[in-house]
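Consider the two complexes below, in which chain A is the common component and chain B and chain C are the respective partners.
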Partner chain A sequence: MTLGYLLTVGTFTGIFMILTLSLNILTGYAKQVSLGHAAFFGIGAYAAAILATKAGLSFWAALPCVVVITTVVGVFLGLPSLRVSHDFLVLSTIGLNFIVGAVFRYFPFFGGSMGIVNIPSPTFFGRPLGTVGYFGLTLVFVVLAVLTSLYFSRTWGRLAMEAAGEDETAAKAMGINVAKFKIYAFAISSAYAGIAGALWAHYVGSVFPENFGFDRSIDILAMLVLGGLGTIRGAIFGAFLLQVLPEALRVIQDYRMLISGAVLAIMMVFQPMGLLGKGSILHVGFQRAWKAVRYGFGRAPGN
Partner chain B sequence: MLRVEGLRVAYGKIVALDGVSLGVGERELVAVIGANGAGKSSLLSALMGLVEPRGGAISFRGREITRFPSWERVRLGIALVPEGGRIFPDLSVEQNLRLGGYTIGRGEELSENLELVFSLFPVLKERLGQRAGTLSGGERQMLAIGRALMASPRLLLVDEVSMGLMPKLIPEILGTLVRLREERGMSVLLAEQNAREALQVVDRGYVLKNGRIALEGTAAELRENAEVKAAYLGL
Partner chain C sequence: MGSEELLVTEGLTKDFGGLRAVDHVDLTVHRGEIHGIIGPNGAGKTTLFNLITGYLRPTEGKVTFKGRRIDGLPPHRIVYLGIARTFQIVRPFTELSVLENVLVAWGHRHYGGIGPFLPYASERRHAMEILEEVGLADRAHLPAGTLPIGYQRRLEIARAMALEPELMLLDEPAAGLTEEEIVGLKGLVRGLVERGITVILVEHRMTFVMDICGVITVLDHGRVIAEGTPEEVAHDPAVIEAYLGSADAAG
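Entry: the complex of A and B
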């Protein structure tokens, strides 16, 4: 196992961490369940690919454009969430994923099923970024996504959205502009998914419609649910687990969809809060262990 | 302070309010009495901006607010205690109260309001970190009122506060509303099925029947009215 291989796995894992973190803002914090997150990922990837190959922009010049494009698309596609209720939103995000996939596949501008290839690798001050550099770059965006999540989780937005998730009418009566926060969440979430897409496109060097299909959305959601919906640690841990495990155990690779599906189903039944979510077995266990270490065994506070 | 003219609310073809006109004055306690389905909740929802009226006009402190979104009404000084409290059960008592002060944000006014809520309902202070869903029925109602007070309202809309409460708690909760008027100069519009208790504390009242105002008068007049006696007081 070479360092280059480890860095490649690390880069892909980082890209998926950005995706789960961005989905967490939308689904974990703002309670807008999306089964079409791969669409935003794909829009980012295709935007980056087209800007690089057709417009000849460098990675750095294209990235802000990608962020703007995915944010605008996110806001636009977030608008239905103001009108439709929970279950219908889930359905419309699935529909969205298929529409975006079909556009990529059937419009020649997007390369059709041949995709877009020969996306150049980014350079840094004239020199190619290389495997190490790209891993570092991905890491920077993972950290940015974590910071954004932290910021969002500490503003009024988080509490307001949690309240709206429990009782939207009561939240409105508190003077909470529910619509505003939903749109914020869609905007931030799709911007980060777009960044993940750009990172993917420039790393892989090509984009194809099937990279951003419905199964990819399921993958991302499974990672988040496995780790723990509504927590940053859960988003990171879930992406790590479902991205690194299949690499370590090649057998799993062939059954990827099966695993993602099974993870979703099993977690929903037994640990809906995820492995590291608030109140999960592991989380409670860690808290107990931490208390035991801090206060000495058998002398937990209150005893 | 609040003026409602010919308010009409309908859900599809079902008319909930059919031209309701009423008013609430400065520092006034007003009750809207009516049976289930008379339109009380529709009235308060329309006043809060939670349903869009089909017609009529609402003005508050001299401003026409008929089409204002809810958050703007909260900013102007209207707060609602919804039917059944509708607290956020998975959030803590403290988070519920903070959300009530959402339009105020942070700072002194927020802590002042928090002190006011604690002085009215000391039990909430003890339960601050507790999940709101674990509160008793009475405590939930207190939390719902406290949450509404966090927004520093000038007019408090209270929907069926007596519903599901232990009988002995009802005068206590209604007494709190009177105290708010005396001490804070708030106006209160109270929608109540329980006419007997409501007419003990309010200044004036309206009787709502099938989406229309059937009767209006001072509390004393309504208490003595033969129809009210028969239909709502069970005398």
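Entry: the complex of A and C
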């Protein structure tokens, strides 16, 4: 394994960490289960690709536009969530994959099935970013995504989203405008997905409709569910496990879809809170161990 | 009572298909009182609450709070105007901690503008004070879903308190409580009035209401059949008839 290879794996893993953090806002906090998150990712990637190849914008100049475009489209795509129940939302988000995929495939503006190629690599002070530089760039965005997520988890908005996500009737009685907070969740989540998309497009250098299909959505959801819905540590850990393990064990790479699907199903049945989620076996174990270290073994802390 | 009319309903009516659940109810609640609403199961008490708090739109009639029409407003707007409610079947946010549940309500002043993007840490103390008042402080960090029913009822009231309302609507807060817990609840409700909160208390059992309410309105089949002090109501022939005629004459 060369350093270049490790950095490539690292860069993709970073992009998926941003995506799981993105989905964590929407599905972890606002409980709007999305099986169409790759569509939001794809919108970001295509927006970046078009701005770079057709408008000739640099990565840096395009990035704010990509974020605005994905946020606006994300809000628009989130509107059905105001009308349908949670179960139907799952179905309609599955539909999103196919709608967005079809738009990419059938409109010449988006390059059709030939995709968009020759997306330039970003430059940094006039010099193109190499593999090392791009890994560094991705890492910076992962850190930013983690920090902003940590901040958001401590805000009124997160509390309101969780309340509205769990029980709309009770949330309204707490003065929460449920529709507004659902739309906020779609907006914030889309903004992160847009950044992940731009990183992908400029790293790979090309975008194709099939990069952002239903199987990709399942991957992202499986990562988040595996790590722990509603937690930042879970989002990071899940993306790491499902992105790095298949790379390490090359044999199972061909069975990606199978693995993601199985992970999703198994976790939902046996550990719906995920490996590191609130109240999961590992989380409770870590808490016990931490208490033991802090208070000394054998001495039980109060409660 | 010469005090201010806080909440007034006029001709308030709600039809569910062919069923008239609330039938031309005229209700006046004065500031500072504990106003009981009793009636057998299915009398329309919860529906009346849903009409006042914006969960249902009236078929006919109007609701006025502090001189302002509020029927037709969405529930969260009505909260901002100063009316809080609890639910007959408790609805805690089970995955949030007890403290976070109260914070969600305390946050109602932060849900507009850029408020949602501000941290909540600085307001923890207020939420803890409320939990202390209702006796839940030592359970603040438990997931709300794990509380026994008696504590979940207290949490419902704690959240409503955190909304700092002028009027609080309690829907059968004593349901499922032991006699001992009901004594505690009485103290809690009286404490609300001392805080300056006007209370409308729905119950289908008479005893609890008789003890703490100044005025009682009796509903049956959606209609007001009696209103007055607990003594007046208890001796009203129409009330006795309604209660004896119904299956649960327990009160």
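Note that the second predicted complex is superposed on the first by the 301 of 303 C-alpha atoms of A that agree within 3 Å, B and C clash if a C-alpha of one lies under 4 Å from a C-alpha of the other, contacts with A are read in each partner's own complex, and residues count from 1 in each chain.
Going forward, a residue touches a chain if its C-beta (ideal position, glycine included) is under 8 Å from a C-beta of that chain, and two chains touch if they have at least 3 such contacts.
Since we're looking at a predicted model, the values are computed, not measured.
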Three-chain arrangement built on chain A, chain B and chain C clash or fit = clash
Request  = Applying the touch criterion given at the start, work out whether A:A170 contacts chain B, chain C, both or neither, answering first, second, both or neither.
outcome  = both
Note = Larger residue footprint on chain A, choosing between chain B and chain C, goes to C
Message = Taking the superposition on A as described, I'd like to know which of chain B and chain C A:G157 touches: first, second, both or neither.
response = second
Ask   = Looking at the overlay, does A:F181 come into contact with chain B only (first), chain C only (second), both, or neither?
value = second
Message = By the touch definition above, which chain A residues appear in both interfaces, chain B in one complex and chain C in the other?
response = 156, 159-160, 162-163, 166-167, 169-177
Ask   = So in the complex, which bits of chain B are touching chain A?
value = 48-50, 69-71, 73-75, 79-80, 82, 86-91, 95, 98-100, 102-103, 105, 147, 151
Inquiry  = Quick check on the complex: what are the chain C residues that touch chain A?
reply    = 53-55, 74-76, 79-80, 84-85, 87, 91-96, 100, 103-105, 107-108, 110-111, 115-121, 143, 159-160, 163
Key: Of chain A, residues touching chain B in the complex   = 156, 159-160, 162-163, 166-167, 169-177
Message = Considering only the defined contacts, which chain A positions touch chain C in the complex?
response = 151-152, 154-157, 159-160, 162-163, 166-167, 169-178, 180-181, 184, 230, 278-279
